[in-house]
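Next up: some structures, all given as C-alpha cells.
What follows is subunit A paired twice: with subunit B in the first complex and subunit C in the second.
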Partner chain A sequence: MLAATEKIIFTGPVGAGKTTAIGAIADTPPVGTDVPCTDGAWALKSTTTVAMDYAYLLLDDGTRVHLYGTPGQERFDFMWSILARGGIGLVLLVNCDHPDPVAQMEFYLDAFADFIRETGVVIGLTRSDLAATVPLEAFQARLLERNQVVPVFEIDARNPEDVKVLIHALLAVLGH
Partner chain B sequence: MALSPDNEHSVPHGHTLYLAVAGLGDQDRLALTTAVKLLAHDGKPFALLEAQPRRAHLLVLDADHREGREALAAARPGQVKLLLAAEARIGRNLIAVRKPVDIGRFRDLLGRLYEKMAAQLSRQDAPARPAAATPVDVFRTLLDARHQRRRLVLEVAGAGSAWIDGEAGSVTSTLDTAALHRLLTRPAGAFTVREPAPGERAPAGEVQVTSLSTLLWDAALACSGGRLLPGHDTETPVRLKAWPNFTRHAFHPDHLKLAAALARAPHTLAGLAAATGVPLATTIDFHNAAFAVGLLERAGDDAPAAAPPAPPPSRRGLLARIARRLSLRR
Partner chain C sequence: MQIIDQVIDRLSREAGDGPAPAPVREAIGQVIDQMIQFAEDIDGAIVSSADGVAWAERLPAGLDRHRFAAMSGALLALCDTLAREGARGEPRNVLIEGEGGRIFLLHAGPRLLLTVFTRAGANLGVCLAHARQAAETIAAVAGS
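== the complex of A and B ==
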C-alpha cells in the first residue's frame, strides 16, 4: 500500500528564502529546478526556481508530508494554483529588504486568497535583521486593516527552529 | 468519582462549565437542558458547546447511539464523560449511568460534578507556580514605564544596570542578555528601581540595546504566576490585534493555541481556557504578556463568535504527527 501523502506550500517573492526554509526542516535536500537568472532577479541571486522546489518530511507512521516551494517570479504564477491544490496550508515568506515588502505580502495573500480561506497561512519575514527594513509592526498594522489576524514572525530561513515555529503556528491555525 | 490528575477541565465556582452532548435522544436532551436551567439557579452555570466537543469540560453521551460512541472514541483521555448506557461501563474519567435518566438525576449528577471540578480548579487556580515576582516586580515596573512613557534605571548591585526608556521603547543595559533576563526573577531587594538623576544619560560603551516589548513579554511570563493584572478579569472578551513574534519571544507551546483561538474570535479568558484546554494560569500569563506589548485589547460588547468547526479526526491526527516530527527545542 502506498503511504499517505500531504503537502505544505511555501510561497513568496524571489529571494525570500523558500528553498532555504524547506531545506532547514526537510528530511531530504530540496530537489530544485533552479536556473541562472536571465531577468531582473539576477540582481537578487544568481539562480532562481522556475518550476518548484520539493522535499519532504517523513512522519512516524510513514506518511510523507511534501514541502513544495513555488517559483518566485510572477511570470510563473500559473504554477501556483497547481502546486497549492490539496495542500494543508501556506507558508508565505517575504524578504524585508524588498523596496515594498508590505505590498509583496499583500500580493501573495491576494493571489492565494481562496487557498488561504480553505486552509490557513503563516508569514515569515526574512532579512529583517538588515538595516533600514520595514518593521514587523507595519505588516501587523496592514494585516489588521485587512481584518486578517494571521501569524507573522521574523525568521532566519536558515534556522530550523525558526521555520519549525512557523509550521507550529500554521498547525495551530489549522486547529491542532 | 476521582478525577484523574491530568484532568484539565475543572472550573472555579461562579464560572461557566462547558458541556457537549452526543447521541442523546429528544427526551434525554430535554431532561438535560431542564436540569442545566435548574443548576443555573443553584449558582452552577453550564453552557452547551455546539461544536468542538473535545474542547468541552464535560461530555454527555449516549453509549447506545452511534454518535455517542464516536464522540466517546474521539474524547480526550482527561475529558470527563457522563455516559448514558443500558449497561454499566467503567473507564477513566467516565461516569456511567443507567438509562433512563430524569431531570432530577441529571441535576444531581451534574451538580456533584460541578462541585468536584470547581474544587479541583480552585487548587489549580491558585498561582500555578511559585510567584517569582517581587512585591514591586520587574514586570509591573516595566509596564508602568511603557504606559507612562517614563525613564527608569534598574540597578543590580555589583552587576550593572538597565536604562528603561518608555518613550523610545528601548532597554539599554550593561548587563548581558542572559543577566538581564535573570533579573526578571530576582527576589525583592536584589535590584533597585529609581528615576534617572537630572542630566543622567543611558549607559554607553559596551551595552546591549533591546526592545522594551521583548523584555516586557519575558517579564510578564516570568512574573505573572497565573495572576491577572489589576483591572482585568476572566469574563471580559478580549481580541488579538496581532500575533506575538513567537520566533523572537520566549513562549509555551500552548501560547500558539491561545493565539490561534483569539485570532479567530474574541474570547473571555475563562472561555478561552475552556475552548483550548489550556490551564487558566497559562492563559492568564499569555494574556498579561500580549496585553503588555499591545497585541491584545478588550473586545467591548462584541459577543464571542462561534468557534469554527474542528478539523476531522484524520486531519487532527496528521497535524499532531507533523507537530511531533517538528518538535521544538524550547
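== the complex of A and C ==
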C-alpha cells in the first residue's frame, strides 16, 4: 500500500526531459529553478535546472505523489542525494539523441546505486523517434550484463500518458 | 553538433573557464580583491554564473571553486523561487549564519552571483554594504 504521500525522483542527463516530464503530469504548475545555460549544454537547450523541479500528482485514491526533478549536470550531484532522501523510487530519463546514451544510463544507475538498491528504478528513453538513435535492445542488453532487471520504455516526455506509464511501472516494480 | 554533457562538464571544470573572456574574469577578480582589502571581516568570495560555473574567486583554503559555484547557483535559484512565490520580490541577498562566520549570496546583474564569506563576529551591515557595492561593480564589468 502507498502511504498517504509518496516521493518519486526524476533524474538523468541534461536535456533528457526531466523538467518537461514533471510538467506534463503535474496537477499544479511545477516549482522550477531553470536558469540560462552558459556551459556546453547551451547547444542542447536554452535553460537548465540548477536546484530542482517540484510538483505533485494526485492519484485516484487520493494519494499525493510528490515529483522531484534533479539537475542533470554532474556538478550538481550534491543535489541528487538531497533530493533522493525519503524517495520511494527513481525514474531515470535518458536522451537517445546523445552519442552514447547507454553509457549515460549506466552513469546514473551507478550514481544512484545505493538509492536504487533500497527502492527501485524504471527507465524512460526520450527522443527515440529521432533518426539513427541507439535501439531499446541495446539498453536492455547492457542491463542484462549488469544483472539488473529494469523496465525500459520509449517515451515522449511531453506526453502525460507516456510519463504516467513510467510512474505506474515504477509503482509496480515497488510492489504497489 | 552533439555534445556529451558529462564530457562538457569535466572539460569545463578542467579548463577552469566559464564562457567569460579572460579580461572580464580578471577584472572581476580585481573587484573581489578590492572588496576583501577594504572590508577586513570578509575573508573570501566567489563570482559564478547562475547555472553554477565559476568565473573568479578568492576562496579560503580548501574550498573547491567548482563545488561552491554549483552550490551557490542552486541555492540562489531556489531562494529566488521561494521569494517570488512568497510575493516578497527578488531576494536582495541570502544570508547563512554559522558559528564560524557568515555566507552571503547576492545577484551581481542578471547572469552572475556573488558569494561572500565573512569571519565570525563580523559586522553584518558593513560586510553587506561592501558586498552590494562589489556586486554592482561586477554587474557593470560583466555587462560590458
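Methods note: the second predicted complex is superposed on the first by the 166 of 176 C-alpha atoms of A that agree within 3 Å, B and C clash if a C-alpha of one lies under 4 Å from a C-alpha of the other, contacts with A are read in each partner's own complex, and residues count from 1 in each chain.
Rule of thumb we're sticking to: a contact is a pair of C-beta atoms (placed from the backbone, for glycine too) under 8 Å apart; a residue touches a chain by one contact, two chains touch by 3 or more.
No experiment lies behind these values; they were computed from the predicted model shown.
**Q** Considering only the touch criterion stated at the top, classify A:Glu154 as touching first (subunit B), second (subunit C), both, or neither.
**A** first
**Q** Figure out whether A:Leu57 sits in contact with subunit B (first) or subunit C (second), or with both, or with neither.
**A** first
**Q** With the two complexes superposed on chain A, say which partner A:Gln104 touches: subunit B (first), subunit C (second), both, or neither.
**A** So A:Gln104 only meets subunit C here.
**Q** I'd like to know which partner A:Leu144 touches here: subunit B for first, subunit C for second, both or neither.
**A** First partner only, subunit B.
**Q** Kindly classify A:Gly72 by the partners it touches after superposition: subunit B alone (first), subunit C alone (second), both, or neither?
**A** A:Gly72 contacts subunit C only, not subunit B.
**Q** So, A:Gly15: does it touch subunit B (first), subunit C (second), both, or neither?
**A** Second partner only.
**Q** Go through the superposed model and pick first if A:Leu171 touches only subunit B, second if only subunit C, both, or neither.
**A** In the superposition, A:Leu171 contacts subunit B only.
**Q** Flag every residue of subunit C that touches subunit A in the complex, lowest number first.
**A** Residue list for subunit C touching subunit A: 1-13, 18-19, 49-53, 66-67, 69-71, 73-75, 77-78, 80-81, 85, 111.
**Q** Can you list the subunit A residues touching subunit B in their complex?
**A** That would be residues 6, 25, 57-61, 63, 65, 88, 136, 140, 143-144, 149-155, 161-162, 164-169, 171-176 of subunit A.
**Q** Looking at the complex, which residues from subunit B come into contact with subunit A?
**A** Residues of subunit B touching subunit A: 240-243, 245-248, 253, 256-257, 259-260, 262-263, 308, 310-311, 315-316, 318-330.
**Q** Using the touch definition from the top, list the residues of subunit A that touch subunit C in their complex.
**A** 13-15, 31-33, 35-41, 43-44, 48, 50-52, 71-76, 78-79, 97-100, 104, 107
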